[in-house]
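My structure is below; once you've seen it, I'll send some questions.
By written order: A, B, C, D, E, F, G and H. Residues from 1 in each chain.
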Amino acid sequence: MAKGKVTFNTDICKGCELCIDVCPVNIIVMDESMINVKGFHPATVIEMEKCIGCGNCAITCPDSVIKVERF
Amino acid sequence: MAKGKVTFNTDICKGCELCIDVCPVNIIVMDESMINVKGFHPATVIEMEKCIGCGNCAITCPDSVIKVERF
Amino acid sequence: MINEKVICAGFGGQGVMKMGQIITYSGMMENKHVSWLPSYGPEMRGGTANCAVMVSETPIGSPVITNDATAVIVMNLPSLVKFEENAAPGSRILVNSSLIEQKVSREDVEAFYIPCNEIALELGNAKVANMVMLGAYLQLANPVKIETVFKAMVKVFGENKAKFMPMNEEAIKKGMEIVKEQIK
Amino acid sequence: MINEKVICAGFGGQGVMKMGQIITYSGMMENKHVSWLPSYGPEMRGGTANCAVMVSETPIGSPVITNDATAVIVMNLPSLVKFEENAAPGSRILVNSSLIEQKVSREDVEAFYIPCNEIALELGNAKVANMVMLGAYLQLANPVKIETVFKAMVKVFGENKAKFMPMNEEAIKKGMEIVKEQIK
Amino acid sequence: MTIVYDKSKGLTDAELHFCPGCTHGTVHKLVAEVLIELDVLDRSVGVVPVGCSALSYDYFNCDMQQASHGRAPAVATGIKRVNPELVVWTYQGDGDLASIGAAEIVHVAHRGEKITTIFINNAIYGMTGGQMAPTTLIGQKTTTSQDGRTVEHSGRPLKVAEMLATIDGAKFVERVSVDSPANIRKTKKAIKKAFELQLSGEGFGIVEILSTCPTNWALTPRDSIKWLRDNMMPYYPLGNLRSPEEAK
Amino acid sequence: MTIVYDKSKGLTDAELHFCPGCTHGTVHKLVAEVLIELDVLDRSVGVVPVGCSALSYDYFNCDMQQASHGRAPAVATGIKRVNPELVVWTYQGDGDLASIGAAEIVHVAHRGEKITTIFINNAIYGMTGGQMAPTTLIGQKTTTSQDGRTVEHSGRPLKVAEMLATIDGAKFVERVSVDSPANIRKTKKAIKKAFELQLSGEGFGIVEILSTCPTNWALTPRDSIKWLRDNMMPYYPLGNLRSPEEAK
Amino acid sequence: MSKVLMKGNEAIAEAAIRGGCKFFFGYPITPQNELPEYMSRELPKNGGVFLQAESEVAAINMVYGAAGAGGRVMTSSSSPGIALKQEGISYIAGANLPAVIVNIVRGGPGLGGIQPAQSDYNQVTRGGGDGDYKMPVFVPANLQEMVDIMMEAFDIADYYRNPVMVVGDGMIGQMMEPIEFKKPVPRELPVKDWITNGTKGERNPNIINSLFLEASDLENHNLAAQEKYADMVKNETRVENYNMEKPELVLTAYGTTSRICKNVIAEFKKEGIEIGLIRPITVWPFPHKAFEDIPESAKGILVVEMSQGQMIDDVKIANNGRLPIGFHGRSGGMIPDPQDIILKVKEMLGGVK
Amino acid sequence: MSKVLMKGNEAIAEAAIRGGCKFFFGYPITPQNELPEYMSRELPKNGGVFLQAESEVAAINMVYGAAGAGGRVMTSSSSPGIALKQEGISYIAGANLPAVIVNIVRGGPGLGGIQPAQSDYNQVTRGGGDGDYKMPVFVPANLQEMVDIMMEAFDIADYYRNPVMVVGDGMIGQMMEPIEFKKPVPRELPVKDWITNGTKGERNPNIINSLFLEASDLENHNLAAQEKYADMVKNETRVENYNMEKPELVLTAYGTTSRICKNVIAEFKKEGIEIGLIRPITVWPFPHKAFEDIPESAKGILVVEMSQGQMIDDVKIANNGRLPIGFHGRSGGMIPDPQDIILKVKEMLGGVK
């Protein structure tokens, strides 16, 4: 399995949760612990090591919040 | 063969000649000897006895100039 | 001083618009002030057609002729009925007597009757009836030189119609002759 | 003589429009002159929302509040920043201190800080933060009777929301209490 | 002695102003005859467009409205929604219906308005003196395509019937021609069916009629018929594209 | 370490004003990515409509024009005719394109204008607060069909792609959806093909994209995706309706 | 009847229904959307029909057809949408059809903005349609007046067989005020024997039309319309003269702007300065007489508009050179600030002293 | 250059091409059809593009796009067609785009007729589009002047980044007069660095737009436009003062109507009565100063229009109450008769003596 890394531009996340549904390894959650400047709980990744770098979340995010790298 | 009779409301004929082409027995001609109030040579029938009363001329005439009877 | 205001009227296809344009064009070629104003209707074909022509040595105000026409040229009956009243007192009305049996009813104008279609047919081309009438008008009013008219004609009809010019010229001359007889 | 000019401001979803409408409706029920004027933007959802409410014993001229608000109610920080200046000297600014850490910078007005969201959560319903604030305002300005407000509330929320009324009433009362302490 | 054909009672006494041999007149007769045969003339409202038939409110023996250019379908919608008992129809040219009025015709079809449209496709703008229409054929010369229409500049002619037939609410769509007595009779049948569809409340019906414009085609009326047959009919196939049976 | 995905250089730094989860944003990215991949961004002019994307001139990193409601195709025509070297595209919602702009979209297709249209079908008017669109589904509740759209009152929803595919000049017509990563990738492919068609000068291309409007559908973004899949996709079949091969 | 609190757009809709409106054809546009939305819900319950048209152009032509068929019909829109309706309005006027058009004005030009504005005064009083037509244009200043006028509007349209326009700015559309629906004084309305509702074999065909190819026919048609317009000028001109007994200066403004002016007047009263207000309630016909009647005490007129100055033309015509005219305008959705008006008034009073 | 005899519509087209027009988008309508027809034939020969749009609405929006892309572009139409263009014109003005719009006016309202008229004065000077926009409106009286203006129009549009309208009545469109194509005085035109012709990677994106959601932005946008309009008023106002040395009465008329007035003046001269004429060549900006400058000798102003009275409003504003104003108008395609004008003048002279 490829290894991936996702980075969120947390400030502009609108908390729509669309990225959650498309992650094949179910590692995206909303960070209930924080509210960003826009007033939303932004998306974040738990267990980054599981990420396969498929890019589904990034292509799905309407607001280009997510950057995905693979190594 | 049925016998027909055609009557032209000569005053409103526009001399378009469309009726000539559709007469199966070729009896419609333009009356070159007269000009109607609209300035046209109106259509008329020669050899009325040949008329079969098919109504082709009448249904074709855009200006409802022609009345067709059958007997 | 030339200050012609001519109405040319007839039905579509009689060439009244061209007639007016030739006069206008000739005037321009002689550096006179001119204008040509057509009537235009929803049915721009068929029906009646007419235009107002001005040829003047001074600038033209309104291109519209009201009741001050110096000449009224009518090629069919409805035109006579409609435009008779536009002739100024003392002016001329030119009637195409081939198609108009009726006479001019006014007393205060000069009336001329030219059998344009018959003359045209005599000349061998029914289409030059308007040129016959034009000749008659030119003879009477003389606002421009006849040579200018012959040149203008080519412009108005287009160079590619040049071969018809001799016939047109002949028709104009015939028209001039005919009306000369009437003046006598 | 009552002549209240209230700005209610917050972000969409905080219920500031309803808050304003309840005041307005109550005023009308008590036969006062009232008006309610919302701001409206291209994104009518999200973003900020605010309305201007008038309750007066004389007819209302302009429904617009410029710098003559008798009370400014702000539920979030951008609203405080934006509307602080609209408060008339000597008037009141009511701040939702749950979401706004900043203090009112003006000296010529009375400032009150009500932790609406926290109180609402304490009451068990995060959605009644606006009612807590409404209570605080009513306590301070008292433009209409509290019973009228309870009646108006039913109208504004709709009969089918009647079951939420006790909670709303409670929130209002709580708001009144809290601010009473501050006055002391 | 039986009368085989006489001027329809659905028409007034006014003389048509159309040019000699223009098949607008032919279609006028057919519409009038159908309204009489269906016995709906006295509850019928026709909407005429801007175009050579702009004056046709004077020719039909029923209530009429004159509509702004392209908007006859909207006007008809207004009439029908006010009074669904009325038999409402529009009569439109190809400039009117296919060009400026494209949105309005698409949307009566889309809404399935219970009206009937008679669409005269003569591949040109008649009234204004022969400009290119969306239906003008490739190579056809008009006053705004003086070297003939080209695909590169203006695309291929719009097939209105085919386009509208994709819309669910257009329950009857047929293309006909008035180039021969047989086709004129078929045209009448199509018009009748379209009106019957309205009477049964099924939806929108349109009859596209290939028609001539001798004046602006610069052909005699007789040659115009031939031109229509040789040029328009191959590009615009006749036939029914949608009928209630099929729609089910 | 390779970058799998990052914000497209075809977009500016401006934050999108769309509601959370609105797939307008998704499509914006795809268009920007395609313009970059085809290396035409710097000779591209986008035309945005009146609708939720009215402000999108701020989001694309190329020259932009804001068009009046429904007329983006006409505006694009003007641009392309002035400068055929430009890569011209319109971005339109279903109110804009299918309702008020029906004539304009039909006629760019009819003329075969060499432009590309991105058509966002979200079955509702977004910007104005959720009114019925021509694409609103039967039974769907909107602020102007509060008991749900009915066939009797408003007809069945308009299938724009099917309608335009009947027009010769529309050389590329495809319907896609952005409900899943796979479909998003297909959408991008379709957009790319449509632009390639423009580059090869073949004619008009349009991609109809089934999209969500969580705000006016009154659903969460995630439920909106589901609603799109369950309700829109069955009525609006995905797929290519016209492509250059087929057109030949 | 007791008072209700309603949002302007909804109040307009309700008043229209109570005024006898049965048919609505319109197209969404901010800031008037609540109006069609209310209609879509309520008209069917009242035996009417609401239809969302494919565009403003289609909507106004549906109104034409519906009015011609005898329906009591209206449409509503906002500035750019009204621009699109100009041809249709001209047709409706040309064909002598009764219809009501509501215009909730926003800032322009072009797409502009959606905030309240009065920059369509020219559009509504001079029109962008072709020809010499006119229509009564009402510009109420509060919801009660708006509602009163809406309830009357359909009668006025029917009475004259003419379109009637009712104009509010975005503020009027969005705000809430208590209103009471009061039946207007009934008018004796002519029988609609000219409508296209089918001859039923009982009469000659009726024709709805604005085409007159003969110039003289068209002129006569226009002259007949002029007579109708003269009647409107005589009977329908409305104006409020406020504090006009002995004003030192006269403000003139309409719609919500006039309310701001009233605040200004109240401020001046505190200082003992009397400022008057002429508030046109119809901007066509324009209340010329109110300006002729300005007392000698007045030293000038200050026109206040939410535009760069459009009504000012009519004020100049009405004033006919008598008094100095000043102008204060804001645009694009900016609302005049009472303080600015006060300054301007003081400047004018100082300037002419 | 020598004179040529051309039909008005064709002369306009030729002058436009010589004035640098490269793009034409229009839709057929009588009485201006010869104009697009000429363009369809001649523009391609001059490296330009003619496109018949699907409607007037599409045409004006194509103009918007083309102007935004840097094309020198025009459209033409007649009254109801111009009504349909109102929204588009407002957008063009709102987005600061240069374009030329020709309007060959016919009788209205509605479908009206196709004979010459001037009943769209309000439409062209006050617009039916939304917002506070303005554009120079030229109303030449003969073909030479029409042609001169057309050759300049594109420069004026480019100079101000503003739409320009050129108006004739049906007569101007249909008549023939000798004309000479004379190059206008060249203007220094600003570089079009704002157009959407692709960034080429060399600059930031250009945006063509009229949307400003922030009220203050939209107001500033409007204020900037007002400055531009003020420049136009200063620099582009045109008028002919004819026989204005010592007139007993002043006629005012524009376009072909003014020519009829000149005939009237000639008639009066014969009687030794001096009548003047103020002939606006631009109706916006309106030549106010010409009216201020009317000599003391004048006893009144007679406005002559082919309408029921529309320019009269601007005359009243310009006159500012100074002189009595009379009106003579014909409409629907009827052309004022010099005799009627003479009678009216005599009545006014008698009336004030």
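Here is the rule we go by: contacts are C-beta pairs under 8 Å (C-beta built on N, C-alpha and C of every residue); 3 or more make two chains touch, one makes a residue touch a chain.
Please read these numbers as outputs of a predicted model, since none were measured by experiment.
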Chain hops separating subunit E from subunit A, counting only touching neighbours: 2
Label of the chain whose CA centroid is most distant from the centroid of subunit B: D
Comparison of A-F and E-H (more C-beta pairs in contact): A-F
Inter-chain centre distance, subunit E versus subunit G - centres from mean C-alpha coordinates, in Å: 39
Whole-Å gap separating subunit A and subunit B, where each centre is the average of the chain's CA atoms: 84
Centroid spacing, where centroids are CA-atom means, of subunit B and subunit H in whole angstrom: 54
Whole-Å separation of chain centres (CA-atom averages), subunit A against subunit H: 60
Subunit C: positions in contact with at least two other chains: 41-42
Residue list for subunit F, restricted to those that touch at least two other chains: 19-20, 54-55, 66, 68, 99-100, 102-103, 106-107, 110, 127, 129, 134, 153-154
Contacting residues of subunit E [partner subunit B, same complex]: 1-8, 11, 15-16, 18-26, 28-29, 180-181, 184-185, 214, 220-222, 225
Residues of subunit H that touch subunit F when the two form their complex: 22-23, 25, 49, 51, 53-55, 57-59, 61-71, 73, 87-88, 91, 95, 196-202, 205-211, 213
Complex contacts: residues of subunit C adjacent to subunit H: 21, 24-25, 28, 33-38, 40-42, 60-64, 66-67
In the complex, subunit H residues that touch subunit G: 57, 79-80, 82-84, 86-87, 90-95, 105-115, 117, 119-120, 122-123, 125-133, 209-223, 226, 307-310, 313, 316-317, 319-322, 330-334
Sites on subunit E touched by subunit F in the complex: 99-103, 106-107, 109-112, 134, 151, 154-156, 158-159, 162-163, 165-169, 203
